[in-house]
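I've put the structures underneath this note.
Both of the next two complexes hold chain A, though its partner changes from chain B to chain C.
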Partner chain A sequence: MSAWHSLRDWLNDRLEWDDLIEPLRKKAVPLHGLSYWYFLGGITLFLFVIQVLTGILLLLYYRPGANEAFESVQYIMTQVQFGWLIRSVHAWSANLMVFTAFAHMFSVLFLKAYRKPRELTCVSGVILLFLVMGFGFSGYLLPWNTLAFFATKVGTDIAGQVPVIGKPLMIFLRGGEEVTGATLTRFFGFHVAVLPGLATLLILLHVLLVQRLGISVPPKLEVEWNANPAMKREMKFFPNFMLRELMAWYVALGVLGALAAIFPWNLGVKADPFVPAPAGIKPEWYFLFMFQTLKMIPSKVWFIDGEVLGVLTFGVIGLVWLLLPFFESEDPSRTKRWITGLAIFALAYVAGMSVYGHLAK
Partner chain B sequence: MTNIWAVILARLPLAALLLACSFAYAETKNSCLDCHSALPDPLGVSQETFSHDIHAQKGLTCASCHGGDPTSDDADKAMSRKAGWKGKIDRAQIPQLCGSCHSDPSFMRTFNPSLRTDQLSQYKTSVHGKRLAAGDTKVAVCTDCHSVHDLRAPSNLASTVNPVNVANTCAHCHADPNYMSAYKIPTNQFADYSQSVHHSALAVRGDLSAPTCTTCHGNHGATPPGVAKVQNVCSNCHTFQAQMYEKSSHKAAFAAASLPGCVVCHSNHGIRHPTDAMLGTGPAAVCMQCHTPGDACDQARAGLQSGLSRLDEAIKGADQVLGVAESSGMEVSEARLGQDQARDSLTKARVTIHSFRTDLVDQDIQVGLKVAAKNLQAGKQAMVERNHRRVGLGISLVAIALVLLGLRLYIKQIES
Partner chain C sequence: MAGKDPGTAGAGNQFSTPVPRRRVVEALLGSGFLATAVAFFYPVLRYLVPPQESDLGGDSVVAGRVGELKPNSGKIFRFGQHPGLLIRTASGEYRAMSATCTHLSCTVQYRDDLHEVWCACHNGMYDLNGRNVSGPPPRPLESFEVQVRGEEIYVRRRREA
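Up next, the complex of A and B:
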């Protein structure tokens, strides 16, 4: 008897292991021309795990505080064995995770995978996307370099524009009126404790819902397969789909390694609150579409302050996005076209504004 | 309570006086401007022009300098000798008239306690002052430099004596060959100065501490510094160079030949940014204007120049390697910072050149070379590390490709 079988028997005696993993054995993945989009959620999860592992390793040397943060990251980059690799993988993985999370969200919208009964899966996914952006915003400040300092100043200024709660929110985020060492320790707390805790709970919920509700198929195919069940094609989740997902993770690992080795993440210059902001300061690429929009709104629209209007509009859009699944029809043959149209417009707007924001001076 | 009333009662006369004064000031009439604002030049002075004048802003009127009765609308009464009217002030009397207030410390303290009151006495020691006393009214008097009727504080950017405008103000006379023809002095100072490193620092870089005419010549006591004292002028800012020069063999040699110290190599008004080529033998060279090729000094000169060149090239070499390492994403900020130390050594060596001692200059050069070599090594190390990373990446990618191939084959096997 092999060691694996002995271990399985041991677990079966105590935990009824076979019953626990039985659903995984029965789980199937629909097979059709667009099945490759199903890999995106798994890749995002893989990148999150990479983030957790590299983040824990960075924590061994990182010291939060205005007088130590930059120097500790510099130490990681120059003195710690493979420190440069860990930090670069962490930074690149963060950016790739934001990208795959966005791609996953748009694929869900275009394949209409958010329809009944998967509304809550979608809602939890959108909240996770917001959390991923929160990870990006809070993590960006941690090296305490000039760009991060001023980007945080601009970002928290924008948060301060929210009517009524804006000012207290800004002070809460900054730990005072200005961006200081207090902001850094606060952001560190959000980045390594609050957000990971929330994200882990939501990921568990999200994966549990996917497991419970199964994987959706595009509405057109669903109608066809319902009419003619013989046409239905599936792949076993374990091991067939899982092995393919594993291949995708290996490819992601290769891409991450290549990016980290060829383009190690820049450290920049230590933040100095007393120097003027560098010209043309911009946030990370995934905030550019919002930043550029706010820049383009006139300072006064009718009687409302332009920036306040922009922040309010994005708030409303975020809420609508969260509730989008509840506007969809339950009948797969009568899905709402306007939702697909809205998703196409949103993708074009985000991509267009990001490119424009990148090129604009 | 009684105390408060006592204080109020005690202050009442003073308050009444202040109130009366303010009414009187508000009602002050200046009939001079009523007429002169309508007159053409040179008698015209507009209300708007005079409002910019610091004297007007401090409450002085036309009568403060010209006398007369500005409260009268009758021109004959306003400009009557009986009312103390002086008319146009004679140029020869202008310094004395300005000095009647500006040389009075008690009076000037009421306006600005930190204002100097030695302008007139200084002026009398200047070339301008001495010539004026000798009857030459073409020389500059107070109003020529400070302007008149729209005179502003020197800190005001529009003032003719603001540091950025001083050279233009002096050039008004000193760059005019016709005006200066009687004095037999050159008129190219302003043209030379406009090409100089000092002008570029002041006008281009906006460094108000950079020298202009008055920094070296003085202002009210303006006079050429004199051949023997030139280094005293330059040393006000170039302290270390002056200390080195004081101890050098050139100090005595220049003095014996009546040569004007710093000016011999750097010129005076048209001082250009010094380069190491000044130590060479090319068109910019200065040593060989006096020294003979092949002599001991020429050999020392060649040694100094080659030392500076070696350090300069070592710094540039390290910069280049560090630049490539940095653009490859390597973290070399410490070595980059170290390069500033090497550059400081080069600057120090260039200053030490003024001692004209090869041993002292060599000390600075060696310090710089050591730092630059260390930084170069750090850059090379970073490049080696970069190459190791790429080799490591290659091996990892091959391993990943093999795992992918294995997985693909396994999937094929279980699905066949």
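Up next, the complex of A and C:
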């Protein structure tokens, strides 16, 4: 008997390991023309793990604080061996993770995977997407460069526009009236402690729900398969799908490594609270659609300030997005078309406004 | 009889009638837990609110020196914790205003090509008196009083009339 087998038997005697693996063996992944969309959640999870690992490595040298943060990131990039690569992987992986999380959400909407009984899986996923954006927003400030400084000023001011709780919320986020070193310390805390803790809990819940409820079949196919069970095609999750997922991760790692090495993330200019915002300033691409919208809303719409209207509208849309699964019909043959329509409109709006925001002066 | 005593329950129905003593214990325990929760969360919530910082700039600051600014140019100066904008117009006059955009609080700048104040973040425009003239800013910039004393340019908040 090999050492591996004896170790496995030893563990099995004590932990009844096989019972834990059993549900994984029973789990099956539906096979159809759109099955490749099922890889996206796993790839997002993989990128999150990369974020945790590279984030821990960056923590070994990074120092929060208005007088040290920029210099410490500069030190990582110029003095520490492969520091530039670790930071570049962290930054690229963050961007890819936002992209795959968005793609995962839209694939779930278009394949209608959020239907009963998976409403809570979807809600936890949308909250995770918001957390991912929170990671992006808080992490962006940490190098303390000019772009990040103004992005944080605008972003926290947007939070400040929320009626009633806005001002206290803004002061809480900034650690004072203005964006200063106190803001950096807070954002550092959110980025490396609060958000990872929350995200880990939600990811566990999300994966547990996926495990418990199995993988959704698109409604059209579900109706066909229910009418004619002989048509049903599935693949075992473990090990068949899992091995394919691992290959997808390997490809993702290749793409990530290539991007990080060929296009190292730059650092920019150190933030100075007493210089004007530079011309052509823009946020990260995943906030561009909101940025461009806020830019286009006039200063007053009827009697409401333009930015308050914009912020309230995005807030309401975010809430509706979170609750979208609860508007869907339980019957797979009578799914609501307007939800798909809304998803197409949202995708077109986000994509269109992002491109417009990128090209606009 | 013991059953008539409101403080104790009769032997036959002690499980079906409310027992005031139990309620007292529940109320004591409940309020105890509540007090513990308050004692726990109140300091935490207060801790989250950053202490008020006094605006060290006071009411008046030296924004620059005479000769530092050419006509038709501007500079950012510190007004306590906040940025201010000092402009020397093409005719040589000094103007000062808050440099925090009233839209989403980016720092504005003087555009010598347009003779206007511009916010790069969302393309907001103000005139030389700080009035919002185009783009998303909802309100004018707070304008300050400028006084030239000797070689120094003093800027101070306008007093309410």
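One rule holds in what follows: the second predicted complex is superposed on the first by the 361 of 361 C-alpha atoms of A that agree within 3 Å, B and C clash if a C-alpha of one lies under 4 Å from a C-alpha of the other, contacts with A are read in each partner's own complex, and residues count from 1 in each chain.
The working rule: a residue touches a chain if its C-beta (ideal position, glycine included) is under 8 Å from a C-beta of that chain, and two chains touch if they have at least 3 such contacts.
As the structure is a computational prediction, the values presented were derived from the model and not from experiment.
By the touch criterion defined above, A:207 reaches neither chain B nor chain C.
By the touch criterion defined above, A:243 lies against chain B but remains apart from chain C after alignment on the C-alpha atoms of chain A. Once the two complexes are overlaid on the shared chain, A:11 sits clear of chain B and of chain C alike. By the touch criterion defined above, A:350 lies against neither chain B nor chain C after alignment on the C-alpha atoms of chain A.
Once the two complexes are overlaid on the shared chain, A:150 sits against chain C while remaining clear of chain B.
In the superposed pair of complexes, A:258 makes contact with chain B only, with no contact to chain C. Of the two partner chains placed by the overlay, neither chain B nor chain C lies in contact with A:194.
For chain A, the partner with contacts to more residues, out of chain B and chain C, is C. By the touch criterion defined above, A:182 reaches chain C but does not reach chain B.
Put simply, chain A uses no single residue to touch chain B in one complex and chain C in the other.
Of all residues in chain B, those touching chain A in their complex are 329-331, 333-334, 389-390, 392-393, 396-397, 400-401, 403-404, 407-408, 410-411, 414-415. Chain A meets chain C in the complex at residues 150, 153-154, 157-158, 168, 171-172, 174-178, 180, 182, 273-281, 291, 294-295, 297-300, 305-307.
Interface residues of chain A, counted against chain B in their complex, comprise 74, 77-78, 84-85, 88, 239-240, 243-244, 246-247, 250-251, 253-254, 257-258, 261-267.
Contact residues on chain C toward chain A in their complex (touch as defined above): 48-50, 53, 76-78, 81-83, 99, 103-109, 119-123, 132, 135-138.
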